[in-house]
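A short worksheet on the structure shown next.
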Amino acid sequence: VDKPDREDSGFTLTTGRIEALADGIFAIAMTLLVLNLIMPDGAAGVIDVKLHTLLAGQAHKFFNYILTFMLLAIFWIVHHQQFHRIKRTDSRLLWINIFILMFVALMPFSTDIVGNFTGSTTAEIFFASNLLVLGLLFMANWAYATHNHRLVSPDLDKEMIIRGLRRNMVMPVISAIVIVLAFFIPQWCLWLYLLSPIIQSLRPFRHSS
Amino acid sequence: VDKPDREDSGFTLTTGRIEALADGIFAIAMTLLVLNLIMPDGAAGVIDVKLHTLLAGQAHKFFNYILTFMLLAIFWIVHHQQFHRIKRTDSRLLWINIFILMFVALMPFSTDIVGNFTGSTTAEIFFASNLLVLGLLFMANWAYATHNHRLVSPDLDKEMIIRGLRRNMVMPVISAIVIVLAFFIPQWCLWLYLLSPIIQSLRPFRHSS
Amino acid sequence: VDKPDREDSGFTLTTGRIEALADGIFAIAMTLLVLNLIMPDGAAGVIDVKLHTLLAGQAHKFFNYILTFMLLAIFWIVHHQQFHRIKRTDSRLLWINIFILMFVALMPFSTDIVGNFTGSTTAEIFFASNLLVLGLLFMANWAYATHNHRLVSPDLDKEMIIRGLRRNMVMPVISAIVIVLAFFIPQWCLWLYLLSPIIQSLRPFRHSS
Amino acid sequence: VDKPDREDSGFTLTTGRIEALADGIFAIAMTLLVLNLIMPDGAAGVIDVKLHTLLAGQAHKFFNYILTFMLLAIFWIVHHQQFHRIKRTDSRLLWINIFILMFVALMPFSTDIVGNFTGSTTAEIFFASNLLVLGLLFMANWAYATHNHRLVSPDLDKEMIIRGLRRNMVMPVISAIVIVLAFFIPQWCLWLYLLSPIIQSLRPFRHSS
């Protein structure tokens, strides 16, 4: 079973392979979020504890689960929107993406922290920093690929490049604001992230007009 | 290694990408179900406990494992049957699917609850609610995509659209019945889900006649 | 982004989709095997325990890890060899495959049992039964697909069909023998599985002559 | 839905299938690394412990996470660079790859060991041995496939074959050096691995000149 001979270019990692690894890591990170919810098992003594008390006591963890799942989904969408335009890879773009995946895989841990230490300034800053770095890396990914149309089609519209940058700035800006607010109102920080999908659906931040 | 230039449509997430993420999350959720079975290790003191007593004591967990694995498999089949017909995506369909995957990834947790708190009304309602929401989201996915042939081929048979809706109603209806019955016979609820594959194999609910 | 219109056949799950789910579940099950090795962390008091004693004490677990990883790899290879020939799917074949994946996902649990209860007859029978069922399901998959060339190419050689059945009988036969021997020499059972790759490399069991 | 008839060659596992399984196992192993970071939950008594002390106390684990993620990413890149050239598979190449994946899946365990037993000679040797075996298997993979152009295109440049071997020697050599140094300066060993990406970016070790 022979494969058709591919061109002997120096660097050989196609965008398809990066997308496959990214899909895998996103899928696993999103599914591992649920492990933060695992509760003490009913084997010894917990039987008479009221289950609905246990579940209600984790209400904030369910909120975190939904929130983080959505945030990771948004990043996953951005990843595919960027790679829809990125036609080639090089060594630097590859490393930007490895760091993106490193911070994607860290998200279940950050969610665990923020779920176990509710209202803690340190926890909120840790979580926000994870998102801040992710957001900045996505900006870097897009800026590097589109600079002088380095790795995108030469026909790609300038307007679309700038639109992509603008969209990618939403999350870092929100995360930076959260880091400041975490010193004053740590218990309300997580709600701010809900602004991200709302802002990105506004006209100037939408993917297409 | 250049990719062929794709059309510059506004929204760029193909159905293929959603299917890839869904395959990943379904596969992980189905495999994580087995973690509910992990038993105390034999290192300290458990050596003289009779292993077959330990295994027999988990018989209901094995039943849960088989049942939930089958239910997730059924949803996975439905997902592919729907996306076999869905030809395009838009932003709303994408979000319906993200919520579908959120509740798929929650299934190992729900199975854990129902396995650790056997016969508990709260546990059965939690599990049934997870399936109810999943079932309704799948109905929404199909209804949204087929309404005025929005995202399916214009040639798609009306009969096939209605058949799809009818099939997708089986699980929400069973889950709703379980939620009611959980107040009276919580210990028998899980068996009701076995009706789902049986009903769906009846002629009026089959995928094709 | 439209997909080309596919034929309106009744049953719509392609073999490609089954292979994708199978690849995912095999990959996760194989990677989860390593969780059986996770040791108590060195945080509290374990620091002065000699690490090499801890590692040496798990020598049989490392053996189990290598063995089960190889067995799952062999099943994975068989899965692809079978689907290389299977050209169509139907509802029954799909369900055979769902049960195959159910018992693949159970393997990390079975490995855990056999690792924590070394030399226990019950543990060896549990592990062997998992492999026995898997082996029989793979035989069923091949027998069902090739019977009257139901789901394979009409040109597929009779000789190749029988060869496939013969190869698939190796694992069930070994597992059945282990189940009997587990009553007499439970501590040596696992070594018998090493016969599987050896026998399958003999001429009459090889995939091609 | 028929698949086009494929050629009836004896051995039927395509390189594509191996790459799919490898992508899955790499993605899971890389994501499981984060489980090494999971900390005691804040439910009982830990609330008043200062979170930032807990996090700072794990600083070396974060370093391990970043380092191992990068090392696995480098191996993943090498895997794709090799399979970009490898056009066919045979039974031996398949088994080399199964052993590669076995030691990839072992990496989260090795990282756990080295994270829980910082500065332990045994731990550093265990971690280095894992990398040493992985590195040697990757060398074997490339040497076996390119020997007499066995599984690569007959046009593949000799120079490129040798370059591939030279690149693949970097990791085994570093790991071997670490194994020796672990007896003298176990606490500094992990930093040596950072030499790997640096050396591989030097001209004589680069993938293309």
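To keep things simple, chains are lettered A, B, C and D as they appear, and every chain counts its residues starting from 1.
Please note the rule applied: contacts are C-beta pairs under 8 Å (C-beta built on N, C-alpha and C of every residue); 3 or more make two chains touch, one makes a residue touch a chain.
Being a predicted model, the structure only gives us computed values, none of them experimental.
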> By how many degrees does subunit B turn when fitted onto subunit C using C-alpha atoms, rounded in steps of 5?
Replying inline: 90
> Could the interface between the copies subunit A and subunit D be described as same, meaning over half of its residue numbers are common to both, or is it different?
Replying inline: different
> In whole angstrom, how far does the Cα centroid of subunit A sit from the Cα centroid of subunit D?
Replying inline: 24
> Distance from the CA centroid of subunit B to that of subunit D, rounded to the nearest Å?
Replying inline: 35
> Among the residues of subunit B, which ones contact at least 2 other chains?
Replying inline: 6, 9, 12, 20, 24, 27-28
> Which residues of subunit D touch subunit A in the complex?
Replying inline: 6-7, 9, 12, 14-15, 19-20, 23-24, 26-28, 30-31, 33-34, 37-39, 41-43, 46-47, 50-52, 55, 65-66, 69-70, 73, 76-77, 80-81, 84-85, 87-89, 153, 155, 157, 207-209
>> Quick check: in the complex, which residue numbers of subunit A touch subunit D?
In response: 1-3, 5-6, 8-13, 17, 20-21, 24-25, 27-29, 32, 94, 98, 101-102, 105-106, 108-109, 112-113, 116-117, 120, 122-123, 126
